[in-house]
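Below you'll find the structure I mean.
The first chain written gets the first letter, and so on, giving A, B, C and D; residue counts start at 1 in each chain.
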Amino acid sequence: MTTIRRIGVLTSGGDAPGMNACIRSIVLTAAAHQIEVVGFSHGFNGLIEGDYKKLLPYHVQHIIHLGGTVLKSARCPAMHTEAGPKAAAQTLQQMQLDALLVIGGDGSFKGALAIAQHYTGQILGLPGTIDNDVDGTDATIGYATAIDTALDAIDKIRDTADAFERIFLVELMGRHSGFIALSAGIASGAEQIICPELGVLKAGELDSVIRPIQNAQVVKGKSSYIIVMAEHCYPGGSTALAADITKAIGIECRACVLGHIQRGGSPVGADRILATKLGAYAVEQLLGGAHLMMAGEVNHQACLYPLQASGEHKKRIDPYLLRWQQQVAND
Amino acid sequence: MTTIRRIGVLTSGGDAPGMNACIRSIVLTAAAHQIEVVGFSHGFNGLIEGDYKKLLPYHVQHIIHLGGTVLKSARCPAMHTEAGPKAAAQTLQQMQLDALLVIGGDGSFKGALAIAQHYTGQILGLPGTIDNDVDGTDATIGYATAIDTALDAIDKIRDTADAFERIFLVELMGRHSGFIALSAGIASGAEQIICPELGVLKAGELDSVIRPIQNAQVVKGKSSYIIVMAEHCYPGGSTALAADITKAIGIECRACVLGHIQRGGSPVGADRILATKLGAYAVEQLLGGAHLMMAGEVNHQACLYPLQASGEHKKRIDPYLLRWQQQVAND
Amino acid sequence: MTTIRRIGVLTSGGDAPGMNACIRSIVLTAAAHQIEVVGFSHGFNGLIEGDYKKLLPYHVQHIIHLGGTVLKSARCPAMHTEAGPKAAAQTLQQMQLDALLVIGGDGSFKGALAIAQHYTGQILGLPGTIDNDVDGTDATIGYATAIDTALDAIDKIRDTADAFERIFLVELMGRHSGFIALSAGIASGAEQIICPELGVLKAGELDSVIRPIQNAQVVKGKSSYIIVMAEHCYPGGSTALAADITKAIGIECRACVLGHIQRGGSPVGADRILATKLGAYAVEQLLGGAHLMMAGEVNHQACLYPLQASGEHKKRIDPYLLRWQQQVAND
Amino acid sequence: MTTIRRIGVLTSGGDAPGMNACIRSIVLTAAAHQIEVVGFSHGFNGLIEGDYKKLLPYHVQHIIHLGGTVLKSARCPAMHTEAGPKAAAQTLQQMQLDALLVIGGDGSFKGALAIAQHYTGQILGLPGTIDNDVDGTDATIGYATAIDTALDAIDKIRDTADAFERIFLVELMGRHSGFIALSAGIASGAEQIICPELGVLKAGELDSVIRPIQNAQVVKGKSSYIIVMAEHCYPGGSTALAADITKAIGIECRACVLGHIQRGGSPVGADRILATKLGAYAVEQLLGGAHLMMAGEVNHQACLYPLQASGEHKKRIDPYLLRWQQQVAND
């Protein structure tokens, strides 16, 4: 068992609900192993600039339910220079930290790998992003909450769409994957889902979108029609696509870009539990000597996965649900 | 006491949470007075086309909590022609309806007044719109829910704004009034509120917006800065204003247009109670002979107000809160 | 205009959602008038023991949405002795505080009045309690949130009651008034409401409760039946009443005691706005020389009311809704 | 591939959020395969009494988000007699139904097995219960929502517990398993969890409960202390235990029995997705000839499991989290 006396932790990249629950779990578990924890502010910036505070169990007592991150997050352009990772590593060395835990997405993990070039301690990643686009874990911290936030919004839009018998196009986040769109689309009973896995559309390429609308309206007398769409799937986004649909079929289609509300909010149970589990597991694995790995959960079991491989985008959205949506709901 | 045997009810214009609670109350109260109720579908369209269904207490048993409207709503261009109101009145006469209740905003009340020219029965309006821009009632049905929906979204944006120390510009509905923007802005602790009552901005006219941002960022070390803005207050809306702010101060300002989610959702308690009270009151006032009036609530007391006057926009947003926001929060 | 340099604030009695929004508003408004604020911990206990902290705008930056109270609350038995109020006054004098703001219910205001016997500064009360049983203000801070919390629970119970066609008896808080029970009962479409204003029942006195149940079940084929009940309305509470109903009619009636969840939660918009308004108003009125008054809101206008009179229980629950529930919904 | 022309579906036992989403998915998927669906009312009662309605896609259009069950549920004592299952089978035969889908818990599956003795068609079960105590599926339909409902309540209790520095004992459902208690306890950051897997307590056996409270209060200065407890873990339940704790340590411990609100509410995303997936999968598996199996999901993959084995209680609550709670959080 490796001796670990002091560790650092930071949150990096887009914030995600559950990051605070993860910080809490790390601090509590570390305390149970007599390990000191310092938290760096604003992601890698705090590491480079030496901006940190000691984290005692007292500090994390009632943060499990808070959205955002008490450590703040930030993009850190300096990490893309040669000097950035070196400076970060230097802070870790000077502070005599035995390990660093990075909570973030694959971009943040790249930063962690760059620091590892200059640092003698251990580094582990924890998957914290609403987008769920990280390999080596079934779900990322924040993904479950983002689905329910999107769902809540779509349910509300359904109310008004249904009252008016209207067509709505709801644009969700997801960077370049359809995880949120498929999950929120299935869960909301959306009539149609547009996501990268089904192909990115070209401007004016409306056939595949319009045909099912017309079928549904004419044949099935649907009183409202909701299309859930991942970002980056149509040039100009949902606003452009809604305008094009309206023009093509002569029925008004309204766009709604959900935006950053998907990042906030109190984490749902699933995210708090996942965050707690992975935080605890990461600390324990540090004691077991783990390095350059990500702590994830696969098939309900905590496990390690090479940090390097976490960004390879091998993880697939549920093929069963994708097919069902195509064949049954989108008919 | 007037003899009322059968009445019609419809929901018109933008739907609002609580419309179903209002329909339920009308039906239950009417039943207690042995009055039959028929509900017309799709606003005035159903009235013109004779599209209706009988509403028994059984039909409204569990609708008090539902968003949208079970009667459907719609704009009705025919009502702006000469033939529309005549056709609507004809339906009422032929069906031997003693009165019509119209749940909607001031546009819907104009329609009701036009019908009254050709109809011998009584007509009352009930204020149902999230915008609260109807005179003669302190609050409209749907307004309280829209505030809480907007608030919930802004709270979420605060989480991520705070985690990233960012500036956000949140655009809310409100047609040409700042009711929702001021209420949701005060309630969310927004640093700045832009609403028609404080003046509509011209393109590039950024001084009044930017100065408080710079004060707050520099002097007070605020970790996030949220501007709540009513629609129609800047050319190009919040997207244009956010871009202009970003350019002017060199710190990224992100726009979030909340859109139609503000219309949906299960009504909060205040809206269900108001809707229940006004629905019951309207039926009772029909029995008292009321005609061409709106049933509103002023100082917690149900009361009547001339339908004609409901759209004069005399109602002011709370001057105390407006001043406080300007002097204290927006400092 | 009185010169006010430093003031103290405390939260006392049962906590209520919106207390933090009120503290924030007091601190921000005071800062705008160059007034220092100190917050005492644990209600009057902190005042007696000199347990306090300075409150700067920075400290209240993001607390507007938090339930509970950052100053903590507590009952304070010492305030019922002769020494307690004297010790409290002594702290105020020694700290050279020009005024004290007490956020709480009528019990807390009695404590404030007792302190005033020994204190030369000004004292104002702010109504913070979910029960709404304070005269001189249409609503207390926390009441609107408690209604919506209760409503959310009853909506959920309706789901399962309806699925099973069951009778449920939901017991809500309210000390000795029916404000929460009537509002949540009307808003949830409860079939029956039992509250002190309609009379406290004796053990076994079931006729008035059972008759409408039997009518509804037999005559109207209701698929579920929900009774909302204020606490202290039946010996042994809802558990005893549910058992007695079950025995009397042979259909299972289940009790659900909502309890302390009604005290917590993020305040809804109405409570945050009221808290903000009253906090700002109280600080301004201190400058105007106000003393031994409560800052309340009547007919949407902030106003002062003698602190002494706040506990006289003259405020009535809405007679219109009470009558409607009795005649129409409870038929 | 078996020829399936008409199938029956029913919901049985305690209702669970997501049952409607499951019914919807069954109807939509069946329609895509030209299979007719009839829904029986009130669980097995509707089957015995021939109380049913045809379910078309139109009927399930907007039910995915509704709590409860549109088919109603009920216990059915007749199923424990010899005649009950026979009568149920007879209805199926007479109506020429090729298969029956039963959504419920292990008790409902026993009923399904009894019917199979007298019925020549296929029978499949779908796990619908908040308790998650069904083998052969990682989660049951309704479990995820029940966790978040409980969590929401505990978060609220934390607000008031924290404001008052109090001890609360929250009793959750779970029949004879700790799934909900452990998940909601971990997710809420409860200081202590009492569940059957850790042993049922005898009256007065308080040592294991009290010791960690005293440690936490004295040593760690916790401002509130929450114990989450599964039902049936102490004689007299949480009310008795809270009283005994209060007596033993001289600090007030309050009980809160969450009760039936855990059964209701709009299903969260996870439950709607699971319900949709299992409903679709069950229909497809009928076509593949499946019989006397349960459609579950294991490791994110839909799969079949012998209906007979579903009630063997082999499924374990997460041992990692259980240990962590014991060693770290409950320290």
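Basically, a contact is a pair of C-beta atoms (placed from the backbone, for glycine too) under 8 Å apart; a residue touches a chain by one contact, two chains touch by 3 or more.
The structure presented is a predicted model; accordingly, all values stated were derived computationally and were not measured.
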Farthest chain relative to chain A (centres taken as mean CA coordinates): C
Chain centre separation (chain B, chain D; CA means) in Å: 39
Whole-Å separation of chain centres (CA-atom averages), chain A against chain D: 28
Interchain centroid distance [CA atoms averaged], chain C/chain D, Å: 35
Multi-partner residues of chain B (at least 2 other chains): 155, 158, 162, 223
Touching chain combinations (by label order): A-B, A-D, B-C, C-D
Residues of chain C defined as touching chain D within the complex: 11, 14-15, 17, 19, 42, 66-69, 72-74, 149, 153, 155-165, 168, 223, 254, 256-257, 259-261, 263-265
Chain C-facing residues of chain B, complex: 21, 24, 28-29, 32, 57-58, 61-62, 64-65, 138, 144, 147-148, 151, 155, 158, 162, 183-184, 186-189, 220-223, 266, 268-270, 272-273, 276-277, 280-281, 299-302, 318, 320-321, 324, 327-329, 331
